[in-house]
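When the chains are written out, they are named A, B, C and D in that same order, and each has its own residue count from 1.
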Amino acid sequence: MSPIESAVKLEVVDAPGQPHPTPELAELYRGLEVESLVPLWTEIGDLMPGAPDSSAVAHLWRWKHLLALAERTGDLVPVGRGGERRVLALANPGLGGRPFATPTLWAAIQYLKPFEDAPVHRHTQHAFRFVVEGEGVWTVVNGDPVAMRRGDFLPQAGWNWHGHHNVSSEPMAWIDGLDIPFARHVESTFFEFGPDEIEQRESPERSRSERLWAHPGLRPLTQLGPAAATPLLAYRWEHTDRALDEQLALEAEGYTATLEPGHAAIRYVNPTSGGDVMRTLRAEFHRLAPDTRTATRREVGSSVFQVFDGGGTVDVGGRRWDVERGDLFVVPSWQPFAAETAEGLDLFRFSDAPIIERLDLDRVEVEGTTP
Amino acid sequence: MSPIESAVKLEVVDAPGQPHPTPELAELYRGLEVESLVPLWTEIGDLMPGAPDSSAVAHLWRWKHLLALAERTGDLVPVGRGGERRVLALANPGLGGRPFATPTLWAAIQYLKPFEDAPVHRHTQHAFRFVVEGEGVWTVVNGDPVAMRRGDFLPQAGWNWHGHHNVSSEPMAWIDGLDIPFARHVESTFFEFGPDEIEQRESPERSRSERLWAHPGLRPLTQLGPAAATPLLAYRWEHTDRALDEQLALEAEGYTATLEPGHAAIRYVNPTSGGDVMRTLRAEFHRLAPDTRTATRREVGSSVFQVFDGGGTVDVGGRRWDVERGDLFVVPSWQPFAAETAEGLDLFRFSDAPIIERLDLDRVEVEGTTP
Amino acid sequence: MSPIESAVKLEVVDAPGQPHPTPELAELYRGLEVESLVPLWTEIGDLMPGAPDSSAVAHLWRWKHLLALAERTGDLVPVGRGGERRVLALANPGLGGRPFATPTLWAAIQYLKPFEDAPVHRHTQHAFRFVVEGEGVWTVVNGDPVAMRRGDFLPQAGWNWHGHHNVSSEPMAWIDGLDIPFARHVESTFFEFGPDEIEQRESPERSRSERLWAHPGLRPLTQLGPAAATPLLAYRWEHTDRALDEQLALEAEGYTATLEPGHAAIRYVNPTSGGDVMRTLRAEFHRLAPDTRTATRREVGSSVFQVFDGGGTVDVGGRRWDVERGDLFVVPSWQPFAAETAEGLDLFRFSDAPIIERLDLDRVEVEGTTP
Amino acid sequence: MSPIESAVKLEVVDAPGQPHPTPELAELYRGLEVESLVPLWTEIGDLMPGAPDSSAVAHLWRWKHLLALAERTGDLVPVGRGGERRVLALANPGLGGRPFATPTLWAAIQYLKPFEDAPVHRHTQHAFRFVVEGEGVWTVVNGDPVAMRRGDFLPQAGWNWHGHHNVSSEPMAWIDGLDIPFARHVESTFFEFGPDEIEQRESPERSRSERLWAHPGLRPLTQLGPAAATPLLAYRWEHTDRALDEQLALEAEGYTATLEPGHAAIRYVNPTSGGDVMRTLRAEFHRLAPDTRTATRREVGSSVFQVFDGGGTVDVGGRRWDVERGDLFVVPSWQPFAAETAEGLDLFRFSDAPIIERLDLDRVEVEGTTP
């Protein structure tokens, strides 16, 4: 028998689909416990549901509460080596108090006070920052300082050195998205500390990565090989905003450009491949014109949304919320989602779709279409 | 505030790397609990270890114990609609009594008595069968009856209808491998019941899939498109055995053919791509010649091994076992593995490597090489 | 003006679609000639036809004539360094006497007398051998001796060293297929001489490449990387024959396995990818059961066929021939092809389809289907 | 014997490497002629050179001469249905007077007088326009009017409808690049006439394709599938110019951004893949800072260059020319190329590299590096 004690505990139950409860069965179960074995027939309902039945729940976090708690954290908790970041993670109420927005996704508010630094480290988890308001912080990625401003999407693929510093006299908060829960589950995570001090303290308007890469359809001849993660470190708001406006304008002129009437949407992509910015994370921006209602969709895989601007109502898995700037909500796997708005609604979204799609696990149902 | 109660419980602790414990901090933690938020600094050690620190443990299951319990299960537990299969799953002692061999892999012994059927169903989880001894069962995949015999590897990709029937007067046991724990984590699973009765009750020597596909380097012109999963439903022992023998013979003649001295190995592949048989599961067969010792390796991702023949000693993550025919053991992520044998050792292996590699999470360390 | 004289000669013509002939136009044409310029309007009909209008013609070469000439060549022409091979190439009558079967493909008969060698060289052109009758020659590829026997397909990807030697007391003839005309057109060809003597004079039943690779669905762990060309150097007749028989047997049992009724077909593929054996050449084998007629097809790209066994009638681009063992014929791009047989007909085929498909130039029309 | 007469003519010659001239050999050659066969030994030097020996020659066309002839053509030759375009093609002096700049590439000057139209058609050949000077013409691609201005690169992938119209009171000339010679060789070309009149006569600043696609790193959710050719119809000079300036500025700041000192370069790419804009054509822009000399390179495959701005000296395959704005020159396969400049030099380049690379035929030699 194994010196590591079995964790298996089996109970004979008198229920449909279960074997007839007898003393012999109870004895068999004792034997299975000793040998660290579990029957399928006691577990099949949980393991093999007819369709995904997420352990996460639809949930909303109000930006004003998040921000207030982040500010209070700024008063009480220093940022530095060891804790590494002043970060508060969304803990999905269905996931037992763990800091996981969904079974695969981490979402958090990060907060940096005036002139503070967050020290340099690197990890194999993929990350990004998205800024709903404020400015003044530069994130320094492999020595390249990248300004963070309202509306910017800033990917930070795994195993790149990075730290942040606030060069302004104002605090700044933003959201971080990572694949921490997924990486933890597949047990693939490495981590290293970098220098305690950020060495590149410049605060240029444009990062070097943008100067090399943010030219539509143009690629430097020095970097022609395939790159699993995007080399572009900042996707600026001015481009996102314009792309969405153009889609709605083209729709108004009578051309196909929007996902559905009144619903413009772009995906942030890796310019070396046209695919997702990182192997495990997808990021998109959706704009609903005034008086728009989306079709109800459900998809395998989970998402986190943040309201960037405007307001409206969202329906997620039977829950319904009025939302406004900064509010965050999760859509668990296979739960229906729809949004509607009178005034117009801008939504940032990230998800685990690249994992789902690369493994051919994707399914989508859209209201009003046949699958 | 959300009607779903927060599951977050935070405790102020006086420890290195933690903020100074004060009443204000305690009050902040109460606020975080109410809003379902968790700080990074209380979790970072668990979430971001320097290297993968598997929650699974190295563990061995003895075939003779498994088989005895499976036989006893045959006496007490019927197989049929609802429970679906007479299956006992390996429950890794590190994983809390859940029927998971590793965080991503399911491994189980399945048992069918003379003339019994296991009813038809389908699920998105990928599966395979591997036979260490016995014969007499045909697995019927989308209406194609496939014989199962010692040494055969029988992949069964997700969403194909399948049932099993024992046409002989002897019971038969084999192992099943699936990606159930992974699929459950990413919440991608669908399931459907098929007919209660298996309709194709023939017992041909070769399945139709083999007649179409088991010709080396030849592909039917009717099926030229890419296939995510292998269309070949049986990888017969005679081919595996011969391929391994040839590698050792070529080595003896002075050519490069083995992985390392005395260590022949093949991977089962999808003939339409040359890649893994299924999107989430890799399967291999390793043969150690007498008096061989492998280098110690560690890899991101987890594996399950079954001894097919011979005997020897295996070292896994600091544990060491003498093993013989049918014994099963797991190698958790990033734990070192080596094997040695005096008499010769045949090992079947399956792993989650396709998940790890498709997401660019793979790392390997091999004793005596520079990474 | 350039010191290299212009080769342009332009004539003023009075024809529909041409500019009005005037002395000024003639003077302009003189100016274009001096500057090495050619107008589109004099060339557009040739350059931009409504559909491909091959310069090659449908043509048949009789095996008995080829073989007789090859034997006579054996009497008169030695084989050795410089000429390199005793080879007679099919020269399509539409291609001006050049040794090109089609604009992209080379097809030839090669002949080796008892105990003769063809010296070692390598070239970037891709090649293969196919044997319609005879045996006794081993082709040695990078030091691996590969037997050549009736029905075998033997690919030899570019830049591999190779020579041939006849170990028997009988002469042997076979056909060679290469991409010489294509490679010449894109000017990509390199060539090197190897040793004058073949060093590996063994004559094993199976090559080392087969011992490593000819196991269906199994791949050696020593060679897991992608390979642009197949590592398998011999595709044996016994496998091809059996695969084709199985397709016809499955059809007779009521299953989908053949391309069309009575028409079995396999493609030779690279086991590391499931794709074509070489980047520029496709090879297939087609078997028509007795009393079968194929649908008429036309395809972008050209093919060469050799009758392997049986007999029948083929229709190519308006020509019609009765064919028998060994006869070779070409199907130029976009010319219709059909075959019919009373007694049964086995056809080997090779083509430039990988070029056409990798560049997305493929189109197919099949009689009785809508494109 | 075939009713199509053989085109083969063979001569017995008394030369090294050729068989001994005898009456018997002459008689054999007569037999080969009758059967449309050609020996390898008379052709091997031409077919299998040690390295590519291009039939094309290095050649320069002066823009001022091209433009003068194009203007004169404007006086004498109407544009309209049948001739389709007023185009003068560069005819490489090594290619026998055919309108081919290289064996694979077409390069031409096109000329449209004030308010003229070039009628709508489509063809499978891939095309682009590049503008060295002037403006006023809109090319209309599938109904989307695209402005053409100095410095713009305008790809037009095969099988898209297109016509051009000049909305200004000035004539305009530009260059066209196509894969006509390649497509003709592989016999893959289809062509269709469209309406005689261009229906979309708007002249917007930005095409609809740009409004959808010219946002760096952003992709519309309506078009997520893979696209073999770029959906972006205009690559504007302002972006190209800025990208090149940034590379030189980064180099000056001490970062790796240029191909070699003083040599900035971008490739135009398909935003859906990061690869070449079309399956057969590559386009790049190179900027040499003042007082720069490139390394000498040679590559398999051929290129055409046009001087966009500045001046300098180019060396191609042993020829040497001083060049200025608008001049065009070809670099045949495997011929060495270098450029140097005192004042600065901007070069547009296109090539057949995607063909060469997709078929794994690429080789490069760069002066001062080991291959």
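Note that in this section a contact is a pair of C-beta atoms (placed from the backbone, for glycine too) under 8 Å apart; a residue touches a chain by one contact, two chains touch by 3 or more.
Keep in mind that what you see is a predicted model, and the values were worked out from it rather than measured.
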Going by average Cα coordinates, which chain is farthest removed from subunit A?
C
I'd like the Å distance between the centres of subunit B and subunit C, where a centre is the mean of that chain's Cα atoms.
44
Subunit A to subunit B: how many Å between their CA centres?
29
For subunit B paired with subunit D, centre-to-centre distance based on mean C-alpha positions, whole Å
52
For subunit B, which residues are shared contacts with two or more other chains?
none
Can you tell me, using the touch rule above, whether these chains form a line, ring, star, complete graph or other shape?
ring
Write out all the pairs of touching chains, ordered by chain label.
A-B, A-D, B-C, C-D
Partner subunit D, residues of subunit C touching it in the complex:
2, 4-9, 16-19, 22, 24-25, 28, 31-32, 35-41, 43-44, 47-55, 57, 59-61, 65-66, 69, 72-73, 75-78, 82-99, 103-104, 108, 123-125, 180, 182-192, 228, 279-280, 300-302, 332-334, 352, 355-356, 358-361, 363
Enumerate the contact residues on subunit B facing subunit C in the complex.
208, 211-222, 224, 226, 230, 232, 235, 239-240, 242-243, 246-247, 249-250, 255-259, 265-274, 277, 284
